[in-house]
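Each of the next two complexes has chain A plus one more chain, namely chain B in the first and chain C in the second.
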Partner chain A sequence: MLRKYSALLRRAMGLMLEYRASIVIWMLTGVMPLVMLAVWFSLAEGGPIAGYSQNDFVSYYLLMTLVRQLTNVWVIWELDYEIRHGDLSIKLLHPINPIHEYIASHLADKAFRLWILVPLALVAWLIFPTIHYDVTPITLTLFFGALAAAWILRFLSQYCFGILAFWISQAITLNEIWFAGMLMLGGVVAPLDLFPDQVRVIANYLPFRFMLSFPVEIVSGRLTPTDLLVGSIAMIFWVAFFVVLYRWLWSRGIRQFSAFGA
Partner chain B sequence: MSNNFPIHVEHLCKYYSVHQKESGLAGSLKSFVRRKYTDVKAVDDVSFTIGAGEIVGFLGPNGAGKTTTLKVLSGLLYPTRGVARVLGFTPSERRAAFLRQITLVMGQKQQLSWDLPALETFLVNAAIYEIPDDQFKKTMRELTELLELAPLLKKQVRKLSLGERMKCELAAALLHRPQVLFLDEPTIGLDVTMQTKIRQFVCDYNERYGATIILTSHYMADVTALCQRVIVIDHGKLLYDGDLRALAEKIAPHKLIRVEFSQPLNGQRLEEYGEVVSARDQHAELLIPRDATSDVAARMLAQLPIADVTIEEPPIEDVITRVFEQAAKARAERGEKDEDEE
Partner chain C sequence: MRYLKLLTIFYKNSILKELEYRVNFLSNAFMSVFWLVWGIVGVSIFFLHRDTMGDWTYPEVLMVVGLFTFFTGVMESLLRPNVGAVIEQIRDGTFDFVLTKPVNAQFIASLRSIVIWRLVDVIIGIAVIVYALGQLHVTPTPTQIGFFLVMIASAVAIVYSIWLVMVSFAFWFVKIDNITELFYAFYEAGRYPVTIYRGVVRVLLTFIVPIAFITTFPASALLGRIDPTTTIIGFVFAIGSFIASNRFWNFALRYYSSASS
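And now, the complex of A and B:
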């Protein structure tokens, strides 16, 4: 599998370099957290909102931007197209599950983004030297685990929507609704702390939180050990849930495939 | 034992459920409220077996079910009913061990990465097909030689000509030395020289590796050059399975006699020998009933000033066209609708 992935990654990196300009442009579309930062920053001028000072908002949204950039997925656009146009046939003929080819191209994209994001993060730190995170070996380990889980959740959930293209022609639209849910309840529009209690109680257990917000929360220093534990369990549950859902949908969808267009 | 055949198909059916939609907004609304589904029988009760090392031509008009059959055999489609076995595997299970031994080349689909050199795709395939390094190098050398790939390997695929691209596609599809090849229109859109090269390559590959091959093509020259045996399907049904030449004998009741006269004919009428296809100057072509060929030829030699005579089978294109005409007529007599299905 290692050999397969290194070959797939090599090709994906080659393609990334072909399209380097468009990736930078795509990255710009992921800056909504910065827009929200500007909004909350000015709102918090008169004093902290629900315990968030201006500096807290800066710390929160800068990291949120980074997490969003490093967990972005676009697999549904490819999957939906390839299913409906029959191009999936090519991948199905290979003795490897097509999901690995998609994963490899996403990983290559992440490697490329890191190149750009690391210097940018350093610049941001110079501009806002007061940003602070709760960095301990435990929170750092949890952060990276949650970051990986966030990407897996975003990838698998979008993949599941993509598989629906075996049956329906509007799979992408459904995914847009899901995406909107993530912006609302994943901590982009506002940190979950700012939501009314009734909403927050539910949002804390929905998958959206673990698609973006949770890694940021982990190093925010606002979670109790119990919160961390319960959150981690919920996160693992959702990852397992989407793994099972993906397997089930895929095995059903593939029977539906008509390989049109060839 | 049927299992000794690399390809074994028994009562295979593949139906598509297609929803019908009238054109226009009203049609869209109507189909939104109540969808009408009809079954399209792309493959309908087809059975055949193919032995190791055989090259079989798959003939049929557009929408006959050729491509669907190949897709079922390569594991892309689940059959609706019936049995398909390839190398002892059930294709639709898509086991890695199965996929590593077959290939499907589609003239209209490509696996090469458009923006990268073909070599990059070859390297990826080497990895995902788990081809050992030394075997990869050896196969690469052979394919480079047979297909004259050397100048193409490092060029971006999008900068290759159609023919060059097809050669690279073939190489990518054969790098793992599959035992069973499904070639769906491998020469489509190529010029005659390139067609000949691809044809020769398929022939070489078959000889070198003893591979079993099913080929579909709209170019009869591909089929006549490569296949002794043909399977003819139309409207999802198998019409003929057997020797290509026997098909001509079975279907075309005539042979073609071509004569050249040593001097212009004076008044002798050709009509009494057979159906005159063409006659000008000192050349003529006549259709003679198959059984009477030798008698008529002898009579012509005796009675006419003949310089040269050849007896030929009618062109295979005509024979095939005839097969489909007869099938259409038979369907019409049974009262079936002649719907066009792609």
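And now, the complex of A and C:
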């Protein structure tokens, strides 16, 4: 499996490097957190909003931008196309589940993005030297764990919507609703702390939070140890949930596919 | 006149084709309303914490949201379908047929198709603007309506110019879907009045990616927040972008190498 993966990754890396310019443009399409930062920044001119000062907004949204860039997924566009055009049948002949090819190309994209984002993050830090994060060995470990989980959740949930293309033609539209939910309740439009209490209580347990907001919250220093523990349990639950859902949908979908493909 | 007649034929043709996909109407209408509600919820979060946004009250910001939806509809129904068509024509070389027609190529390339379903956004956008006016209890004066119409016309010209420039890029890059997505990413900033942005960002959104002219300024005109000078600047800016985009299109056209050569 490891050897197969390194082969897949090498191939994906080669492809990515060929489309460098296009990846940079795709990266620029992820500016929405910065737009929201500009809005909240000027709203907070008159004083902190729900405990967030201008500096807190800068810290929050810069990291949110980074998390969004590093968890970006697009697999549904490929999966939906390949299912509807039948291209998937070629991939099914490969001695490896197609999901691994998609994972490899996403990982290659992340490696490329990281290479651009690290210098940019340093520049951002020079421009805003006052940004602050609660960095301890524990929060840092949790941050990277939550970042990986966020990517897994975004990837697997989108993959599940993609699998729906076996049965319906509007899979991408359903995913658009899911994506809108993530922008709203995943902490892009506003940090979850700024929502009314009744909404926040529910949003804290919804998958959207763990697709973007949770890694940022971990190093924000606003979560109590109990919050961290409860959040981590909910995060693990959602990852497990989508793994199971993916396996179930995939096995059903494949049967459906061969039923009309053969 | 001849061009108007051609446009009618083009649109009749596309509408007939579109009518075959009536399911799209339902899902498009649903998504239009969904994104509108999403936008209004987003704005409401700001107003949970503050009474104004860059000096704009809630109903005034709603008007900007209405214009945002209105222009989303304009772009999605009248402009975006043509970008897709041009890309395809450039890729398989059938763009030759566009060039050999005895009609201006820019006219055909940029206005050939229409997706009527997306006009839903235009309608609900207008509805939100009217609702916001009702909430404000203001009746715009004829002068304000005049300024508003001038600003809307300017905004349409600016939006058209932006899309023409994006289409022109297809002569070099062919695959330009990421360029249109990039524009939409910046267009997101147009959900809120431009006065909320500070410094460089505001300059960027006014003159470089002129989103302020699309959503904020027409709303300002209707609210009587705009002076005649700004209206004239907007109008001149629109004409300028139209001419510039036309130049750019002609320049890009020279790089078209037919598929066979």
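The rule is simple: the second predicted complex is superposed on the first by the 257 of 262 C-alpha atoms of A that agree within 3 Å, B and C clash if a C-alpha of one lies under 4 Å from a C-alpha of the other, contacts with A are read in each partner's own complex, and residues count from 1 in each chain.
Going forward, a contact is a pair of C-beta atoms (placed from the backbone, for glycine too) under 8 Å apart; a residue touches a chain by one contact, two chains touch by 3 or more.
The model shown is predicted, which means the values in this text are computed figures rather than measured ones.
By the document's definition of touching, neither partner reaches A:Thr141: not chain B, not chain C. Contact with chain B, but none with chain C, is seen for A:Lys4 once the two complexes are overlaid on the shared chain.
Contact with chain B, but none with chain C, is seen for A:Gly14 once the two complexes are overlaid on the shared chain.
When the two complexes are overlaid on their common chain A, residue A:Arg255 makes contact with chain B while staying clear of chain C.
In the superposition on chain A, A:Leu194 makes contact with chain C only, not with chain B. When the two complexes are overlaid on their common chain A, residue A:Asp87 makes contact with chain B while staying clear of chain C. By the touch criterion stated above, chain A contacts chain B in their complex at residues 3-4, 6-8, 10-11, 14-15, 18-19, 86-87, 89-90, 92-96, 254-255, 257-259, 261-262.
Chain B meets chain A in the complex at residues 16, 67, 71, 74-78, 92, 94, 96-97, 99-100, 103-104, 106, 108-111, 113, 115-116, 120-121, 123-130, 184. For chain C in complex with chain A, the touching residues are 27, 31, 34-35, 38, 41-42, 45-46, 48-50, 53-54, 175, 178-179, 181-182, 184-186, 188-189, 192, 196-198, 201.
Chain A contributes residues 22, 25-26, 28-32, 35, 38-39, 41-43, 46, 49-50, 170, 173, 176-177, 180, 184, 189-190, 194-196 to its touches with chain C in the complex.
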